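Below: a set of structures, written as structure tokens.
After this come two complexes, each holding chain A, first together with chain B and then together with chain C.
So, the complex of A and B:
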């Protein structure tokens, strides 16, 4: 089937072209940013695109800057390598650099974009897990204007997001870091350079109450633990008001086992993945706790 | 069929091409430009056999739409030698026996070249990290890492891609 290709010159034009393309192809139009997942899906014959809207060159999707509220704004079109090496990210949200460093390998990081990965919503993806833990806001532009979607409400089903077919993810907005905050990213994979279906990842952001030495707030995102990137809401509650330790982790394990339903694959069973998720979560919470200034 | 006019500078030579929107860069290099040094294997960005430099950075050309590379400078393994002289990386691969069947070799050579351009004296760990995305089913990697280490130790004479 014939495929069209458009390269709009502004984000507003891209939204207009995307609307036209979706209507003309009955929803078979695709945005192209890094083109990584898209190329794989095409080679695997899982995708037969009929209209590409190339947003890879749009200046409005680039850049990493401090935002007016003291947080950070990351353009959806920023490549993983840029996130990994950004001094601003390293200084204020090191967990994102830690996460980006773990994505596949250099070739992929040089092309793939943080926004593209979030919109793909692969259950094994790393950026989704991090933005959930950090309570990021995902800002999208559509024909009706700008819409802010909490990352915790973005991932709806297997490769499905809250984004409409005519909306474009514009930027990831991170809230300002808090006092006594610590964050960490942990990952388990069969081969380090490959994000296969057996990958399990955990992102943790917490704040420590220095008076009680307990966890005040916590954000938990999990990859490879279900059909979507997971916001582990119930497991978060198990940590609040507790100090990381044996008792706390036993409760976490019990809650987490009930909360996640990892998909079994040709390497690991569902039960084994639950076990691994709990182990990686414990290690990652401990790391985040130490980074918040808490003692072991 | 929709065709797009793109321009690629491959190993210093500019090419004006008309490509289909779904055509991947590997195919354009191999079929249109007869540059068969860039190999295609997994088709999923996993093995690294198709690695080329896009504006100096390694990318998987088998999953890259040629249209996305419009206006870019591409370096393939054919573009490394100068007047019939191999680069230090290529020489080291030969000397250290880092090549057996050779299918993965262009990808390893390109990736190693990019690493040494960016960091002329990488540690063993940095070499392994940079090459972790390339698969070799013959050599067991040891000799490949040794070849890159040897170039790093020799302070990178003639390593450059340009």
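So, the complex of A and C:
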């Protein structure tokens, strides 16, 4: 089958080419950044793009810098490995480095990009969970200009995002860290080596009220717990004003069960996966709480 | 007969000139030095002029080719005018084929040949290892989803794939048999014309009931092991062509080229001398490359088209169509007196043989023969039933079933130790086999150093017990240790399986050693070169081993059953002696001396009072070197009456004990194997680098099979036919430490005292892990794999918690 390939020189050109390509192929054009998931989907014959728009070398999608408001800007084209090893990330958002360290394996970390992974919206993906917890803003460029989408509104369905077919995710913008903040990332996988099928991941960012020793605010994202990366809205609310401990976690477990629906798979039942999600959530919240300066 | 000097088209490595090699040789020697320093081996380099290398830790010379991508895997060999073959496979687990319509497929541009089973003459349609029961291509019935029905050869892989999708097969579904229990039901649908039972084997010694009556303790358990895949990285792959002399040549990754040689001749109707099968570099086998996968179809397509034809199975095809490890249920009763003496063992195995026979009977026979090993038990009953089901055929896999028998036996030994308040080492010692003990089928043992493996593990066991008693948890996880043992017969079970070797030399002093059993990635070519060189008295660097070519070596059986070092090693040893004698005689003749005045040793020939180098000696022999052909055949008297289960089924036995330390995350049910120790009686270790590699590999494979590996079977299909969902141990799952001990022993029948060691370290690992979990968390897993959910539920149940308080 005929297949085209373009490598635009700028992001603006990339948007233009993407528009043209989508129109020409009736929506069967595809961006290429790291090409990891794309390769897998093509090998499994789940995807057969007719026009590849290669954005892997665009300078505008690169770089990790502090933003004006004291937050952080991560180019969507940054490789997982860059996120894992960035000193800026380590200093301000260590949870992202912790998350990136857990991604698949070295070869994939060296190729795959954080933006590509977010746009894939795989329910098992790790970066989506982290950007939900961190309340990141996802900035996209399309023919109508720039659009900022809150990460919590980004994931719409199984492999479905808020992004239009002609939009390109440009960068991930993280709000500035706050006082008494703690964040952590936790992951369950059947084995230590690269695992994909039944992973369950939890990202937590919370702030602690030093006066009451309670959770003041919390962001909670879960992977492998439903059809999309999950924003555990209700559990977040329930955590507020509580102090992490056995009693708290017993309650949160019930709340969490109401808003996740892990898919049973060849390895594990849905019940067991719910249980695992609750355990990983507990451990990750505990870790974040300790990092915020809270005592166990 | 002159030696086969020319580089054959099946040459396993793409050779280069010496200049191109130089850089890599230097790199290689740098690595070798580093390894030797790490191993503390103060030994000379195995470079020119070094003789007597047996026992030296020598890195294999094939690694150089492999790390540089110069190893020739079958899938990478290209030939001009080559066709690509793809298979249409059954989508039904059990069905009659009503109609196969290939009209549309044949019309696809680029399609050159479409082959159906009915086009093969009826007397040549069936193939098989022991019984010819497996169609090359299914004709009127399919027995499992994944069974090949049509083979298509086309100019491109894409054209072949497109054509496969256009083949229409009409089925009449038949009831699907999912388990041996279903297969044995009175009203079960019959899978095979001869019924659903593949084998029903029974052997008894002593008086079981009396033995159980004598026992103070009788344990009764059921153990379940699910179906597993060999999970080799390289999928079955081959290339077939007609050479200029019209010989049908198959290059293929295999454990047994001579088997394919005979099968290809059978299926094509060609005389044996018109066929050649040459092994390519094998990327993992583990028993899964001993049955037909692509060979016969490629041969037929090449004959049909006159063109080279290649095929490589996709990963999905590997999981759904190649042989598997037998799923088994083992019910076992073990009786012992209160001082720990075993009095009785009753074993009842129900095994899932899949859709065709493959090696099912060999696995069954081995399981019966090994019942109770490595212990003395006076009263034993072993009953093994294997039945057909509508899943891929179960065949040979590392240990031929003994890893499962050991999971049951060793778990019960550990439970017995606990019941009696003895250490697991002590309870084993009280029953351990020694020289002159007999196996349950009456074979008398010799050179048994099983006790010594227990002695080697005991201090580590005692130290770890103390360590864990002082610190029972680490990072919130419960710690535990467990051990298990093995006894394993080397080679075929109860049939003669000779190995041969031949050695040739040219006037420049280059030596070729042609050995019958192929190197399947274990480094056996290196070990055989070491044995042949030492036996002949020449330097290792002169010897190049040719193996795996059905026309350059005799049929010496497959590389399987841990047999190559022992069987082909013995042949290489005998061959080396013969070669040495012939060189001595030829030099004597050239110098006109009596033969006894000439001696070849240390790579030099002592001629009367004179001493000349080996090369000089060969130059002296000159054209006479063409007459020299050392020959060695090792054919131990192995004979067993399969019906009565009596006789001497194995040429020797290997023993060992493995121990592991685990950490258990009880809240999740996850097991981490953090350290492992092994002690083996492998006789003399020929090459410690290779041997340790085999042991480490067996431990890691054992961890995967104990914790994760499982072919998920759903409604007649394998539901996880890819590495994404078929989990095995990866690099990060390897224990931080694997410490290997080889106890000092020499097998009087082995080459330089060696036994086989390839499969053995795997055997005790699942039982050792189960016992370590018991130590850590107080539960006895009796199911493989012990995945996280399984263990979580087991622990929850034991603690009286609701099994899944996550539910509803």
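In this section, the second predicted complex is superposed on the first by the 294 of 296 C-alpha atoms of A that agree within 3 Å, B and C clash if a C-alpha of one lies under 4 Å from a C-alpha of the other, contacts with A are read in each partner's own complex, and residues count from 1 in each chain.
Please note the rule applied: contacts are C-beta pairs under 8 Å (C-beta built on N, C-alpha and C of every residue); 3 or more make two chains touch, one makes a residue touch a chain.
Predicted model only: the values in this text are computed from it and were never measured.
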Overlaying the two complexes on chain A, which is it for chain B and chain C: clash or fit? clash
Of the two partner chains, chain B (first) and chain C (second), which one does A:5 touch, if any: first, second, both, or neither? first
May I ask you to name which of chain B and chain C touches more residues of chain A? B
Just checking: does A:257 make contact with chain B only, chain C only, both, or neither of them? Give me first, second, both or neither. second
For A:35, using the defined touch cut-off, is the partner it touches chain B, chain C, both, or neither? Pick first, second, both or neither. first
Contacts of A:108 with chain B and chain C, given as first, second, both or neither: first
Quick check on the superposed pair: does A:268 touch chain B, chain C, both, or neither? Answer first, second, both or neither. second
Applying the document's definition of touch, where does A:159 land relative to chain B and chain C: first, second, both, or neither? neither
Please identify the positions on chain A that touch both chain B and chain C, taking each partner from its own complex. 192-194
Where on chain B does chain A make contact in their complex? 1-2, 4, 20-22, 24, 43-46, 48, 51, 54, 57-60, 62-65, 67-68, 111, 114, 130, 132-134
Under the touch definition given earlier, write down the residues of chain A that touch chain C in their complex. 188, 190-197, 257, 265-269, 271-272, 274-276, 278-279
Can you tell me which positions in chain C touch chain A when the two form their complex? 667-668, 672, 707-708, 712, 714, 719-720, 724-725, 727, 729-733, 787-789, 792-793, 804-807
Can you name the residues of chain A that touch chain B in the complex? 2-5, 32, 35-36, 38-40, 42-44, 49, 52, 54, 56, 81, 104-108, 110-111, 192-194
